[in-house]
Each structure stands twice: as structure tokens, then as C-alpha cells.
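In order of appearance the chains are A, B, C and D, and numbering begins at 1 in each one.
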Amino acid sequence: MITEHVMTDEHNHGTHDTPGSWNGAAEPFKASYGKLMMWYFLLSDAFTFAGFLISYGALRLSMPSWPLPDFVFSTLPGGITHAPLIFVTIMTFVLILSSVTMVRAVQEGHRGNQSGVVKWMFFTIVGGLIFLGCQAWEWTTLIKGESMTVWTNPFGRHIEDGVYLEGDGHDIKAGQAFTVGAPYLIHYHDGHYNQLKYKNSAGEVKEQAFGPKAFGALFFFITGFHGFHVFSGVVFLLIIMLNAMTGLYQNRGNHYEMVEKIGLYWHFVDLVWVFVFLVFYLL
Amino acid sequence: MLNYEESKKVVFKGLILLAVVTLIEVAIALIGNGHIIEGMHWPKWLMYPLMISLSLYKAYFIVYEFMHMRYEVRGLSLSVLMPTVLLVWGLIAFANEGMHWNTSRAQIKEKNAIGLKSDGQSSKSSSEIHSSEVPATEAPATH
Amino acid sequence: MTGFIILLAIVLVVVISVQIGKIVELANKIRGQEESDRINADRTAFWLLVFGIALILGTIWSCYHYKNFMLGYGPHEAASIHGKKVDSIFNLTVILTGIVFVLTQVALFYFAFKYKGRPGKKVLFIPHNNKLEFYWTITPAIVMTILVVSGLMAWNEIMADVKEDEDFIEIEAVAYQFAWDIRYPGKDHKLGTRNYKLISGTNGLGMDWTDPKTHDDFIADQIVLPKGKKVRVRITSKDVLHNFYLPQFRVKMDAIPGLPTYFVFTPEKTLDEYKLELRKYPEYLEPSDPKDPFGPKKWETFTYELGCAELCGIGHYSMRKVVKIVSPKEYEEWFNKQNSVYFSTVRNTDDDPNKGKVLAGEPITTSVETKEKVDTTVIISKESLNKK
Amino acid sequence: MAALTHLEEEKLIKEQGYNDHFYDHHHGDKHQMGFITKYIFCQDHKIIAKQFLITGIIWAIIGAAMSVIFRLQLGFPEADMAWLRPFLGKWIVVNDDGIGSLDPNFYYALVTMHGTIIVFFVLTAGLSGTFSNLLIPLQIGARDMASGFLNMLSYWFFFLSSVIMLASLVLSTGPFSGGWTAYPPLSALPQASQGSGTGMTLWLISLTFFVVSVLLGGVNYITTILNLRTKGMSMWRMPLTIWAFLITAIIGLLSFPVLVAGFLLLMFDRGMGTSFYLSEIFIGGQALDNVGGSPVLFQHLFWFLGHPEVYIIILPAMGLVSEILSVHSRKPIFGYKAMVFSMLAIAFLSFIVWAHHMFMAGVNPFISNFFVLFTLIIAVPSAVKVFNWIATLYGGNVRFNSASLFAIGFVSMFISGGLTGIFLGNSTIDIQQHDTYFVVAHFHIVMGIAAFFGMFAGIYNWFPKMYGRFMNETLGQIHFWGTLIGAYLIFGPMHYIGLAGVPRRYFRFDSFETFKQFDALNQFITVCAIIVFALQILFVVNFFYSIWKGKKVTSKNPWESNTLEWTTPIKPGHGNWEGNIPTVNRWPYDYGKDGVDFIPQIKPLAEGEQHSELHQ
């Protein structure tokens, strides 16, 4: 039993609160359709990443051994080679920082502070660009420096104890002993991979085997896909920042909702990185 | 909803929290793998759950604070978060499958290896077979 | 011509239907809307009932008529031990689903008939009935429990791998576009190592001759297996997905490149026994080739077959291999007659990594003879390769 | 209390409905729009629905015609097909005697394209796309979709995907021919099959665009349903159609991305030489370097979409049928909430059962146990739905017309096809039935024919809303009877062929003793298939004829239905309602309540009347 005046009353509130949409009933989720759409898009994008990461898990578990991440990711710019996970930690910080600046931009938006929005979005974009630069450096190091490609993965781990019969001129010396699980990198010289010989505990002479191919391909593919998200995020941020500068969102009077939406996307990129960081660098 | 000043505080609290959790994760990885203290190795069953739960905490924090899920209507957060539960069974099933592929390949390797070593005349080739015990390795093309 | 007829038929069906439509509408106009609505409702209700009855009777009739196509009936009795279980669970499911089928279809069409529309008729206003809904949720749940439990018990038994101490034969089926290679382990009962990188014109399976286990392995042109002995088939593929399918034995498993699979089964009926049973059924007494009415009958030409059941490319439909189940004695004879690939085609050729070495247990005197034999075979196969 | 007259209805909308000032910002039809913005790049949901429908119909004709050609091959392998040469060119190989036969490459291409087209373009886009677009705003009382622009993009991505797929049909190497499931390595290696080269590349690109279309649509449908419902339209007052579209959109949103993930990995395997799905392959006289991948991984990713996809197809049909059965039997749908919960249960279960397509694909037999268990649980909510539909008829006043007949046919088909699913979901029986004609018969009945029946019922029922005219009733009933009987005659016998062990996707059966004895049945099936195809042409003729020449709709609510779409003008313009948006006061299934034939949702409760939905 709804009496007439209650209805008209409620209806007036409804239209008043949500300019631009013509709904009569109160929004059950108290969020505009644009924000809902962004949420559901992110949900579906999360499933794409989940598809990749679950495939990564399945492929990794199907291999008897997997490269040691802190051995693979241990270079820093400036020729430092024994700094496991330091560089990627810096990358993670950059992304977290850019997420924080994004939150600030959204907050300024809620206050209606145009210059604040632009300032913090600018920092966010800078953060995104630094992250992309770091990733470019990381890829270059792996491809040029360590000759890891999507086809060949020179990072392996020993599956038995043994003694090297020859050295590589850098880290490994002839006669050096190693145990199960010890990581190694097959160096690339003069157009071919140089697999070192070693003698196992049973006295057999063997060569270092290549690591699982899937490692390289999955690494470039998944971090590349994430990087692509970062890149498109930067492009969207740039567009929205320019729009904000022109005062477009100020005029719309919806508390910079566009900034909030792109903010959701940007945090999602950060969220995905949490899991990429976990599976590729930590586990 | 928090007011402006409060939410500003939350942001910087969040920054420190995420940074610290990340540092702890990296520290676990480094200490556990013997990079800080020579020869110290933590078992995987200790490291992995720790790192996974810390990452899940980070994810929770990003979604709930940075993405403002905490301040959304319950229905909205449920509608976004509930579907991810579907991934749990996916994760279990895919992981189980991965291990199954591993074991079925290993089974054939094992069967192949029986009787090989005892035979005296296997020199170069048999070693190749052994070195390709890791199925994902580049099988030597020279023969 | 056929095409023309088909097109003509399609056009005719359309044109006739349109004409009928016009006539019916004209008739309705003459009769008046209400009257014709009434007649139409009666007619449609009647035909729905007829259809419902016809559907049930037709299903029952066809089940009877085609009983010989069903698992576990007539000539389609499984020829392996586990196949019996498959057939019995199939039967159980047929009975349970059959009951549901009849009840629901009858109810659907009968209600449609009984409650046909009449202007102004009062309907029963029942939006729901919790008790009823509870019962018809719980009943299917119980039926499903029966099926799940019985099905899974059988499934785990069928898919279990052989145990170490069991007596079994292990053979290997390697699929490729578009045929099968069946490898037997030879006298040591152990299949030798294969490496796909070693595949070549003379070594189609890529057997690693440095593994002595490969030396007595032979490739058979038919699958021959003894009755009553457990068989473990290693299934694998060289190129794309295939599926190792033995219809009479209820055996089916994908052949996957780089990912070994297996199936364990025990054949229970020899081919001859199976053929004799087929004689009981009139459809197998007909001549196999309709153009040759006095030729061999269908039961005579019948044979167990291996086919491919996973789309693998243009020749998918032609991946046939004859399967023979024989008595253990016959199997022994056949087995002893087979020549190992290594000694008949590879030994001491350039492809042999053991060339010049004396292998343990190899009779030295015969090696020269073998070698001569070998050379000719190799030449022939190389020539035939060149032709291609 | 009595049903509303039109005048009363208009008065109600005027008094109770609310003015959202829509016409202050938009001008509806009063605003002059060019042909292009009105009919082509149009953002109005009703036009987009029609675009989806007509594109779907065109694809359905192409897809069905393909099935007729390969059925001819299966039924009459010796027949002369030289007459098809003008259409198919070199795909018909003519021998020295002038007898033409189908190129097996093309046979497999036809089979593959038939599956792809019908599953994705017709039953996903054509069915869900059409009716979600048409009915969501109309039935929840909204002016349009939440984002008309994204909605338009959704159609044009589908169009783009269609064009690319069409282009692949005319390639000299032919379209993709490795089955609609596109299992690698066959789909990954161009040397494995003729269609796996450019044909497969275009197939992948086309389907990727298709997924974009589905996601754009899905996000829109969900937000529209959640955010734009009119006053009083609570979730538990939504028609079951809307529930079905909501759940379908959610399923699509969650499952298609996983397909994209699988596709991207496949593209890399094809183009970049990675080894995600490939391992130890020797093909074309060459051992490939790929090691470590697993073809089964693709199957898992594919069926993680693939199984929900069958519910994406069938759920909208279920929703349409629920609504139509209720309207035309003049009775409330039985167990409204049970219907919703069973749909939700089906949707949930659809995500955890995918590997039941893969029992024989080398999946760990242990994990299959769980998949069997979950799969057979689906039978419970499905059974509940069937019982509820039947109970809806019970005690009703069933009006027979093309729409309601197709709805009844849907229930019959769904029962028949659903029951054979119980065989296939049981892994033990699946050992024998996997990849045989039994599977083909099962899924054609349960998701092919049944979904088509739902679609036909929907088209006959909402044609008056779409075009302001009725479809020809007599032709509709001929179409119904012919299709119902024909479909059973096609797929009934196919079960027996499958039980006898005949595998699917065989070009000919004559090389196998076991499989070659079913010529008579195969011929019978082919003949039936041609007749049924002809009847579908009749439907298309009826459809297009009725758009211009059909009987005109004279009243706003020709089916005397409760839902909101029938309160709009006969041919609603942009914005759907002139003036106010109506308010909803009751659930949509008050048929025969207190002896009143129907009570539209906009009518307020009478003094002392109880809400019907409260007692659920």
C-alpha cells in the first residue's frame, strides 16, 4: 500500500541525486551506472588475468623444476648483478606510490579542487611512466643481457648433485661443486648457448639442461599483458587529466566521477601487480 | 564516508602499510632462500603460505581502501567479490591437472629408465636421456 | 539434378504452406473470429495430445526396434570386462531417465490438452506450493545420488592403473595424421625409450636404439591381443590430438602429443566368439556388400576395429586399424612370429648407433644375414619415399 | 476489481508515474534524425535489438544451410554434388565422370563453421543480444540502456566480427576446419590442416571481437537492470525474462574473459612460436622445438568458458519461455522464486563442471570424480524448472498460438535433451558415448533446438512490440508443427547411431565395418533435415513479410499481459514512454488472481489485497 504523495516525494529525490540518468527507483548500490560498469569491467578483466595466472600455475606444476626467481631477477642498473629482487621491489614501490597519488587525486576530486586533481594525476602518470621504464629495462636486461627469449629459457636448476668440469669465465669455476636445486644460467656466446659440462655423483658426464621454456614465454606474456594495462592506463589518465584541466568535469558537477572511475582502473592494475609479483618473483 | 582530512590520513597509512608488507614479503623470500644469512633455508611450506597470505592482505587493502570498496553498499561489494570465489575451484582443478601432467610424464621417464643403467654399453646417449629427465628442457638435437 | 530437386522441394514446401495459410485465414474470416478460435483451440489441443502420445509410443517403439544398437543388448554387448559395468550403468540410467521422460512428457502434453483455452474460463491461481516443490527437488536429488554413486564406483575401478605385481601386457599406440602405429614390447615385455626428435623415415616412432629395451620391440600391422589378459595401452600422438577408440571394448582415451595417457582393459571375447554371436541377428545375415548378394555376410566380414574419436584433420574418418582378440595360444604363436624393428631393418645400417658393436645376447653368426636383408628393405623404403 | 482499460492505464501512468524530464533533454522521435543515426549507428535499444535479430537470422540461414550440405554428404555420400559447384566452386571436386563430391577439407570447414556460427553468432548474439536489448529497458521501465553508446558499440563489434568470419568463408584455403572447440595442436599448427592457416587466424580475430561485443553488452545489461529499474520494480518483481538476462550477462562477463586468455595464448603459440599448448610434436616431416606445453590446458580454458556458454544460450530461452507460458496459460508462473534460485544455482554450477567435456581427454581420473558429482547436481535445478513449467500449465486457460506452442515445444525438447545429458555427465557412460553421435543428438536437442524454440517463441510473442504487426499465425503454426516433429525425427534416431558407437565428425563411414551399417538412418535424418530447413525458410519469409504486410496491432496490449512493455505505445519511440514512466505496484504474474484475468504491474493493490510475491 503505497500512497501517492510518498511516491512522488521519493521520486523527486531520485532524480535530484543522480543527474544524467532518468531512473526512478533509488539505485540499490548507491553508485552511478558508470561506476558500476567500471567495476564489472574490472571483474571480467580480473578473470582474464586469473585465466593467465591459473594457466601459469598449471604449467609450472607440470614441470619437475622451475627457475629460482631470486636468481633470475637479481640485476640492478649500473652493472650490479647480485641484488636479488631489489629492482622489482623498487618497481612495486613505484606502482604503490602511483596508486597513492591516484587516491589523492580522487579525494581532491570529491572536494572539487581542480588544481589538486590535475597535480595528483600528473604524479600518477609520472609513476606509471617510471614503472613502464623499469619494465622496459628489466626486459632488455633479460633479453639482451641474459638471452632469455620466449623460445629459450637459459635459467635452469640442477636436479642432482655434481661438480663442474669447466667454468664459464665469470661465476662458475671448474671443479666447483653444486647441490640439487642450485640455479644456473647458460651463457650465450658467439651465436650459441654454451652449456657447461659437469659430472654427477654417479660419475656420468652431462651438460647443463635448459630450463622450462614456459618460464620465459609466460614471464614476457603476463608481465607484458600487465604492462599493456599500465600503458593504456597512462593514456587514459593523460586524456582525463587534460579534460580536468579544461574544467570539463568541474562543469559536470558530479564530483569528478570520471577521475574516480579511472582511479578504479589504476588501482586494479596495482592489484594485478600484487599477484604477478607474488607468482613470478616471490614463489 | 570519511571526511577529507581523515581520508588523507588513511592514504598515507596505506602507503606505509603496503610498503612494509611488500618489504616483509621480499625479506621472507631473501631470508628463506639464504641470501641474507648464508646457508639458512626456510621450508616452502612455511614461506609460500606466508607470502600468499601477505599478498592477499595487500589485495584486500587495495580493494577495500584504495578502491573504496569498504564504503560501498554491501550488495555492490558482494556482487563484485562473490564471483571470484568461482576461481577457487578453478585454481584447485588446474593445479591438480598440472601435477597430473607432471606425474604422467614422469611415469614414462621412469619406465624408460628401468634397465638402462644396469646395461654397460650406454655411454653418451643414455646420459642424454637422463639430462632430459626434465621434460621441459631443450632436448639435444644432435644425434 | 539432386540439387534441383532439393531446391524445388524447399520452394514447394514454402509455397504450399503459404497457400494453406491463406486458405485457413479465409475460412476463419467466414466462420467468424470467436467460432474459429474455438475450433482452432480444440484442434491444436487434440494434436498436442496426439503428438505427446506419439512421442512416448515412438520412443518406446524405437527403443525396442533399435534395441540392438543399445549398449549391452544384442550385438552391442561389451567385449571387455569393464565394458559390462559401463553397459549396466547405462541400463540403470535408461530405466530411471525413461520413467522421468514418460511422466514429464505425458504431464506436459496432457495438461496442454486438458487446460486448453476457453474465453472467460477461470484459472487456478497457485503461484507456488512449498511442499510440492520440496518433494520434486528432493526426488531428483535422490535419483542423482544413486547414479553418481554407482557411476563413480565403476569409474574409479575402470580408470585405475595396473598394480606393480599384476600380470599384464603393455603395448603402445602412437597416433599420427592419419594412422596408428602399434608397438609391442617384444620378449622382454618392456617398451623401449622413444624420443620424438629421433623420428625419421626409417624410424617412424623415434625409438632410441641405444636403449636395449627397444631392440626387441616390434610394430604390428594389427592389434592382436589374447583373451582374458589385462592390457595396458600407452596412448600417445606424434602431431595433433587423436583418440584411441575401441567401440566394442568401451575403450576411449585421447592421444596427446607430449602428454602420455593410458587405458587398461581386459578383452573377454575372441573375435571368432563375437562373430558367432552376431550370427544370431538378422541384420548381420545380410550380404556385406549390397552389390554382391552372394558374397560374404556381414557377420563374416565383421571385425573389431580401432578408430579415432577426436577430430584430427582431413583424414580423421580413415584412421582404422583391425583389432583381433585370439586365444592365448594363438597369441603366443603370433607373437613369436613377429620381427623386431631393430634387427630386421636397422641393425648395422648407418642409422644404427650400435653399428659394429656386439650386443649382449645377439647371435653373431646370423648378423651377416640380417644385414643383407636389412639393406634391401631400407633401399625399398627410401625409393618409395623419393617417389612421394 | 477488474483488468485495466487503456484509458485507466493511461490515467494511472499520468497520475502515479513520474516525470523524469527526459523530453527536456532528449527529443525522442520529435527530434529529426537522419537515416544513419536512426537506423544504422543508432543508440536506441529497440533498433539495436532488431539489428541483432536480423544479423542473427542471416547467420542462422548460413549456418543451417551449411548443415544441410554436410548432412547431404553424410546421408548420401555417393550422390552427385556437382550442382553445388556454382555456389561452392573448387570445394566440389568433380571427377572424370562429371560426378561431384565434397572436398573433405571443406566438409570439416562446414562442420566447424556450423558450430561456431550457431553457437556464437545465432544463439548467443541473436538470441540473448536481441531479447536482452529489446526487453530489459521495456520490462524494467527504463528509457533506454544505461549507456546507449556502449550498447551500439556492442552491436558493431558483433558486426565487425561477423564480417571477419564471412571473409574467412571465402578464403582460398577455406575457413577454419578444426571443430568449433579449436583444440590445439590442430588449431595451432598451420601444417596440420588447410584451415588452420589464415582461416584460423581470422577465426580467432573474429571471435575476439565477438567477446568484446559480449562484454560490452553484458556490462550494460547488468548495470541497466541494477540501476535503472523504475519505481517499485524491486528485484523480486522483475519478470523472469529479466532475471534470465541478468544471470546470462553475469555468466558471460565471467566466462568469456577466460576464453580470451586461452585465445591469446593460442595466438602466441601460432604466431610467436611459444610452447603453451605444444609439446614434442613431429609434423610434416619435421620435429618441432616446442616442449613442455599441454594441449589439455587449452581444453580447460576453453571449457571454462564453453560450459557456461551453453547456459548463456539456454538461460535467455528459459526466461522467455517462463514468461510466455505464464502469459498464455493465463496463470502465474509456478514457483517464481524457485525459478530464480534454480537459475542462479545453474549459473553457479556451470562454472565448476567444465571438465565433464574432457573425461576422455587425459584429465586426471581422480579429479573427474568431482566433475561428475557437480555435473549431475545440475539435474536438480533443471528438474525443478521443468516441473514448474508443467505446473504452470496445470489448471490454466492455455491459449494456443505460435508463441505458446513453441514454449511448450521448448519444455518438451528441454526434457528430452536434458535427460540424455544425465548419460553424458556420468563419466562411466561417457567412456563409450564421448564424441559419438549421441553427444551430437544430446546437445542439438537441449541447447540447439530448445534454444531455437525459445527464440521462436520470443519472436512470435514480441514481434508486435518490435514492428507493430503480428506475424502470420497459420504459417507460424505450420512452422511449429513441422519443426517440432522434424527436430525429433532428426535427432531421435541420431541417439541410436551414437549408441551403436558411431563417432562424430566423420566424413564417411564406409571404411569401418562397425560404423558403416547405418546408411538408412543417415539418409532418413538428412531428408528430415532438409524439410526442417525448408520450414525455417518459411519462418524467415513469414518474418519479413509480416514486417511490412502483417496484421496490424490495434491495441497496446494484444496478449493481455502484465508486464510494462505493453504499457508503451504500440510503436514506442525513443524513450519508450511518452510522458511519465509508469510505476510498478505488484509482481508481473498476477494472472487469474481473485478471478481477474490479468492485473498489470502498474495497477495499485486494491484495498485489503495481499502482494502475491510475499508468500513465496
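By definition in this document, contacts are C-beta pairs under 8 Å (C-beta built on N, C-alpha and C of every residue); 3 or more make two chains touch, one makes a residue touch a chain.
Please read all numbers here as calculations on a predicted model, not as lab measurements.
*Asks:* In terms of C-beta pairs in contact, which of B-D and A-B ranks higher?
*Replies:* A-B
*Asks:* Taking each chain's centre as its mean C-alpha position, how far apart are chain B and chain C in Å?
*Replies:* Centre separation, chain B to chain C: 40 Å.
*Asks:* As a quick test, compute the distance in whole Å between the mean CA positions of chain A and chain B.
*Replies:* Roughly 15 Å separates the two chain centres.
*Asks:* Between chain A and chain D, what's the gap in Å when you average each chain's C-alpha atoms?
*Replies:* 37
*Asks:* Spell out, as numbers or ranges, the residues of chain B touching 2 or more other chains.
*Replies:* In chain B, the residues touching two or more other chains are 79, 83, 90, 94, 97, 101, 104-105, 132, 135-140.
*Asks:* For chain C, jot down the residues that touch at least 2 other chains.
*Replies:* As it turns out, chain C has residues touching two or more other chains at 197, 258-259, 261.
*Asks:* Which residue numbers or ranges of chain A touch two or more of the other chains?
*Replies:* 28-29, 31, 36, 40, 43, 46-47, 50, 55, 58-59, 62-63, 212-214
*Asks:* According to the definition already given, which pairs of chains are in contact?
*Replies:* A-B, A-D, B-C, B-D, C-D
*Asks:* In the complex, go through chain A and note every residue touching chain D.
*Replies:* Against chain D, chain A makes touches at 1-2, 4, 7-8, 10-11, 14-15, 21-25, 27-29, 31-34, 36-37, 40-41, 43-52, 55, 58-59, 62-63, 150-151, 212-214, 217-218, 221, 225.
*Asks:* Spell out the part of chain A that touches chain B in their complex, as residue ranges.
*Replies:* 28-31, 36, 39-40, 42-43, 46-47, 50, 54-55, 57-65, 68-70, 84-85, 89, 92-93, 96-97, 99-100, 102-104, 107, 110-111, 152, 156, 159, 204-207, 209-214, 263-264, 267-268, 270-271, 274-275, 277-278, 281-283
*Asks:* Which part of chain C faces chain D closely enough to touch in the complex?
*Replies:* Listed in rising order, the residues of chain C that touch chain D are 1-4, 6, 9-10, 13-14, 17-18, 20-21, 24-25, 40-41, 44-45, 47-48, 51, 55, 58-59, 62, 66, 69-71, 76, 83, 85-86, 89-90, 93, 96-97, 100-101, 104-105, 107-109, 111-112, 115-118, 121-129, 132-133, 136-137, 139-141, 144, 147-148, 151-152, 154-156, 158-159, 176-177, 196-197, 199, 206, 238-241, 243, 245, 247-248, 250-254, 256-259, 261, 283, 298, 301-303, 305, 307-318, 320.
*Asks:* In the complex formed with chain C, which residues of chain B make contact?
*Replies:* Where chain B meets chain C, its residues are 101, 104-105, 107-108, 111-112, 114-116, 119, 121-122, 124-126, 129, 132, 135, 139-141, 143.
*Asks:* Chain A touches which residues of chain D in the complex?
*Replies:* 15-16, 18, 20-22, 141-143, 146-147, 150, 215, 218-220, 222-224, 226-235, 253-258, 260-262, 264-265, 268, 272-276, 289-294, 297, 300-301, 304, 581, 583, 585, 604-605
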